[in-house]
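Should a chain be cited, it is by its letter among A, B, C and D, assigned in written order, with residues numbered from 1 in that chain.
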Amino acid sequence: MTHHYRHRVRYRECDPMGVAYHTHVLDWFEAARTEALRERGVAYKEIEETGIIMPVVTVEVRYRRPVHYDDLIVVESTFPSEPGARIPITYAVRREGDDQVLITGTVTLAIVDRERGRPVPAPALLAEAFAEAE
Amino acid sequence: MTHHYRHRVRYRECDPMGVAYHTHVLDWFEAARTEALRERGVAYKEIEETGIIMPVVTVEVRYRRPVHYDDLIVVESTFPSEPGARIPITYAVRREGDDQVLITGTVTLAIVDRERGRPVPAPALLAEAFAEAE
Amino acid sequence: MTHHYRHRVRYRECDPMGVAYHTHVLDWFEAARTEALRERGVAYKEIEETGIIMPVVTVEVRYRRPVHYDDLIVVESTFPSEPGARIPITYAVRREGDDQVLITGTVTLAIVDRERGRPVPAPALLAEAFAEAE
Amino acid sequence: MTHHYRHRVRYRECDPMGVAYHTHVLDWFEAARTEALRERGVAYKEIEETGIIMPVVTVEVRYRRPVHYDDLIVVESTFPSEPGARIPITYAVRREGDDQVLITGTVTLAIVDRERGRPVPAPALLAEAFAEAE
């Protein structure tokens, strides 16, 4: 299950070097995975309404080349074929129309019962979305 | 009731012009008012635990001169002498050890019962803090 | 000259009240005016390349109603018919498909020669874009 | 060379789960390493003025336990004993007065000649600071 999310790099995201500051890449990853799930029919908001939260447990990013102000970028997100207790999502950032990979990363989400604060299996809502995507 | 909050301008807050991007000033104002209240014995967290929230209802900022990366700034916040249904807090930003005012602003908070979504009078906790400050 | 910019409210933008934190509205305004100018054929990046910068000099925002996580919002930006030494841009935020205005604001930009740090008239690039829009 | 940086978790940093959103941890790391260097007599600003930039090339974070609104946290940063072509800095986040580690991470900086865009050895300014710290 792979999804492409487009983003225009904003002035507020750029630093005195004129390039996107490294922290904002995590914001792009969040938007990318949210839209990937929505395309599979899952609004993260609905998952939360069932009492499940999906906190980020690990983040790894490798910044290979700079991204500049006003660049139109494409964030490719790839989900595992089955959601386990933890869901590692991998990302690759490129400029629109350019194959060169600028940034890569992995963000791993846990699936947690909010009330009890305990890891739980993926809710049916999510498992179905992943299954359909195969 | 006046309070001074010190902040070091961070790289992530600066834009390609090498100056603090305008949006972050609102972050400094938040930190400044939170610490001003804490100094009067009020943790905003405790206010929320009584079921009261204090959302921002208006913001006005005038950017007079640029603030640069790594500047050590002082945010002066001034609270009204009595908390009404709305609390306008005024701010002035200067460099440490320098009288020149770089930025001024006003942020107005409402006092709202979270459950009912209705404006309410200031809780005793807050009214006492303001009274002591006179 | 009026433009509509759509934005999906992100988790990172929402606070413990479950609503968009007030500072992010300024981010939406930035994206809205950048895209409004692009639609008129002006990339802000190109303006900067001519040695002109357009810093924000004043901001006014009125938060009328809360915006929630995952709301799809439309930011309407309205530019003055002629760019003067200062350009006040007014904004209204609504939910997609809903007339109710949630947030209003004005952000005023100056036009400054970066090298000399002095106000200058609007560059031809910008004046033409505004003229065409009438 | 180890340094401790204190930070109060802000409302703007907390999400609808009432905990610090994961992206802000990278902001804390930036402030922590900047202040660690300052304590060793090095302002990052001065490094940049010599034509050297130090971009982030990799980031790894492990979120072990949630950090809550208004928590007073301590970010411990540890620098390598000698600055090589890349400088990995490791971090551990705890609550003030509490030994439990909440978040760990590593941020690796490169040392680059800004003009030529090429990796260079650590400037004397930086090498001396590290040496003194032993």
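As a convention for this text, contacts are C-beta pairs under 8 Å (C-beta built on N, C-alpha and C of every residue); 3 or more make two chains touch, one makes a residue touch a chain.
These numbers come from a predicted model, not from an experiment.
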Farthest chain relative to subunit D (centres taken as mean CA coordinates): C
Pair joined by more contacting C-beta pairs (A-B or A-D): A-D
Rounded Å distance, subunit A centre to subunit C centre (Cα mean): 27
Chain centre separation (subunit A, subunit B; CA means) in Å: 33
Separation of mean Cα positions, subunit D and subunit A [Å, integer]: 24
Multi-partner residues of subunit D (each touching 2 or more other chains): 11-12, 16-17, 23, 27, 30, 69
Subunit D contact footprint on subunit C (complex, rising order): 11-12, 14-16, 18, 21, 23, 69
Subunit B partner contacts - residues on subunit C that touch it in the complex: 16-17, 19, 22-23, 26-27, 30, 48, 53, 55-63, 66, 114
Subunit A residues within the subunit C interface of the complex: 8, 10-12, 27, 30-31, 34-35, 43-45, 69-70
